[in-house]
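Residue numbering begins at 1 within each chain, and the chains themselves are lettered A, B, C, D, E and F in the order written.
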Amino acid sequence: MYTVTVRDHFMIAHSFRGEAFGPAQRLHGATYVVDVEFRRPDLDDNGMVVDIGRAGEVLRTIVGGLNYRNLDDEPAFKGRNTTTEFLARLLHGRIASSIERGDLGPAARAIESVRVTLHESHLASASFDGRVIAG
Amino acid sequence: MYTVTVRDHFMIAHSFRGEAFGPAQRLHGATYVVDVEFRRPDLDDNGMVVDIGRAGEVLRTIVGGLNYRNLDDEPAFKGRNTTTEFLARLLHGRIASSIERGDLGPAARAIESVRVTLHESHLASASFDGRVIAG
Amino acid sequence: MYTVTVRDHFMIAHSFRGEAFGPAQRLHGATYVVDVEFRRPDLDDNGMVVDIGRAGEVLRTIVGGLNYRNLDDEPAFKGRNTTTEFLARLLHGRIASSIERGDLGPAARAIESVRVTLHESHLASASFDGRVIAG
Amino acid sequence: MYTVTVRDHFMIAHSFRGEAFGPAQRLHGATYVVDVEFRRPDLDDNGMVVDIGRAGEVLRTIVGGLNYRNLDDEPAFKGRNTTTEFLARLLHGRIASSIERGDLGPAARAIESVRVTLHESHLASASFDGRVIAG
Amino acid sequence: MYTVTVRDHFMIAHSFRGEAFGPAQRLHGATYVVDVEFRRPDLDDNGMVVDIGRAGEVLRTIVGGLNYRNLDDEPAFKGRNTTTEFLARLLHGRIASSIERGDLGPAARAIESVRVTLHESHLASASFDGRVIAG
Amino acid sequence: MYTVTVRDHFMIAHSFRGEAFGPAQRLHGATYVVDVEFRRPDLDDNGMVVDIGRAGEVLRTIVGGLNYRNLDDEPAFKGRNTTTEFLARLLHGRIASSIERGDLGPAARAIESVRVTLHESHLASASFDGRVIAG
């Protein structure tokens, strides 16, 4: 299995609902450093899993849709706890859609699975890892 | 698959027995920076794999049981080489027990597997990855 | 010159005022990973710049005063842009006061200067470096 | 499953053929920081996955065969794009051969799979992960 | 003293002349991860050392002038060893000129000194640190 | 001012005397990741602060003198607390002597100062920074 991983980041405000969150029930925020790993069993004709430059641009666009926002105000997240795990899954879905739409080029449709990891500090991270619908 | 990873560290002395260890047969020591990755297929009702704060406290307690010790003097390790791999497995067992006992909360019993990685320097690490007995 | 550096972090929400800030004028947030470097020309009787454990506790208390907060709601920051630079200076002042009060022990009053660095992502950081009033 | 990972690096020049590579079609270069992860289900009699010192030496020899070279001039790579992915696979094959030859000791023949990751910058990496022919 | 630091990278080929360079006399290459630290004694009216976003863009443009090139073919470096130290100094000069030209905004002319650090691997780096002509 | 920095590490056992050290009075150990920064105002004829390869070898020899040892058994440290700060100073002295003896080559005698930093974990480090007797 081959992989390629690219990194970017975004900075948001949010709060959590539920006693389990303790002081994180207050409005606070986070920098999320995001690693996206693309996987496929064979390389394309250029010898690539995915064009690293293009993957970086797609990731920049996707995190740009969350960057500098208060997630508590986003209608899409109404009534949801935007935990690091939840956001990893959200980004996974958006990257899978990008692959399907061909934003990463036609050859990238051979990508079989993707892992999205969000580092919230030097001590903690969360990820979602799952298949994408290969072309 | 969702994951959450938390980090802590401990500092110990030990020595190894066997020619393969060369100068590491002498009494020396190490700082182990520990990453524990918890995995499960679905999130709990709070949208979490595990409460990151609670996971950090459990990890702190577990590494606290080894911190600032000479492992050669610990009866539990008598006749064993406390290699990085061995210690990764040891911590995995203790974390699995914590999950079973409910130290990480009842919802954390849905955790299916755990990976424990010990970084012994900027150049080398070891890990143990295995299932835990899900509730 | 001797130094000791300890690390901790905090997570806050805030917004900025002024066109220069572009989209960061919206309410967003950040994880700040904080490094505090203590400096003095000679070691104390224990061979230390400062007790690393105690320095870590003092830093934890100080960042705890900001952690999980919306800085826009803090009266102390009314009308101020809580930039990374500003926060580095703020923490520097609080650490200097801790040293003066003796929170780091009497020997730590020989610390001459402190550098506080806040990493806001894997790409950017800011710091404040200045003297503290040595006892 | 147990793992051990060791790190080294090499510095090469190369160029790529194909429009997808944009400016990387020009002769340029890279530092590749290499992580090799060895995996096996049980430890050997010394309590090891592999002798970390020996693994480091084997890796040093293998990356030494590429270090300070222009890959465009290497007959072995004629007509190939020496992408990060391609090089990860190449190193994987050379490490697998080392294990088979016994360069890592007879016990290391129980290693079942290896992952080779090449970090080309603080933002991007590629890997190849696959089985090795266990003894 | 306040600082702000931003990071970017570039990838080049080059070779060195002189026996001291050993195998690095062959054409090879490097990824340089670049940190630029800007320093000034007081903050501007926005509470900033320099606009981090703008500093990042200026750095991107400057490293873009070297990225994906064979430095041996650049007339500007004819007869020079483009060591990491040399390149740190080169980038320092270009950043100083950017500040003078006002590319970082008028307030950035109060920057007094800049440190440019180039990381060539996980084991080695070089820097140039010097004053810039403050406006 | 130009700098070059190289990294290596060593692993030791030791214990501390004095109540301030708490549980670290017990025999324990540490991995120290060491960064040595060499500084001089001008480059040598090769465009270098110091030959990075040669600096790495000198550092390897120096840390090799401490590696895999119990510092409590070393006569040279009798009655001393081998704190991270103390060890940073010790290594500084040994590197200064190496420069004077010409181990780093005659041109390296122009090095004016050296900073030695020892990272004892992902959270704490100590350093000694001082002049060396330039040739």
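Assume a contact is a pair of C-beta atoms (placed from the backbone, for glycine too) under 8 Å apart; a residue touches a chain by one contact, two chains touch by 3 or more.
Quick caveat: nothing in here was measured; it's all calculated off a predicted structure.
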Task: Chains touching both chain B and chain E, listed by label - done: D, F
Task: Chain copies touching (chain A, chain D) - same or different residues, decided at half shared - done: different
- [ ] Round to the nearest whole Å and give the separation of the Cα centres of chain B and chain F.
- [x] 30
- [ ] List the centre-to-centre spacing of chain A and chain F in whole Å, with centres computed as mean CA coordinates.
- [x] 41
TODO: Please report how many Å separate the Cα centroid of chain A from that of chain B, as a whole number.
DONE: 27
Task: Per-residue overlap in chain A, given as positions that touch at least 2 other chains - done: 7, 122-123
Task: Residue numbers on chain B that touch chain F, as the complex places them - done: 7, 9, 11-14, 23-24, 26-33, 67-70, 73, 120-123
TODO: Note which residues of chain E are touching chain C in the complex, please.
DONE: 1-8, 43, 45-49, 51-53, 56, 105
Open item on the list: Using the touch definition from the top, list the residues of chain B that touch chain D in their complex.
Closed with: 16, 18, 20-22, 80-86, 88-89, 117, 122-130
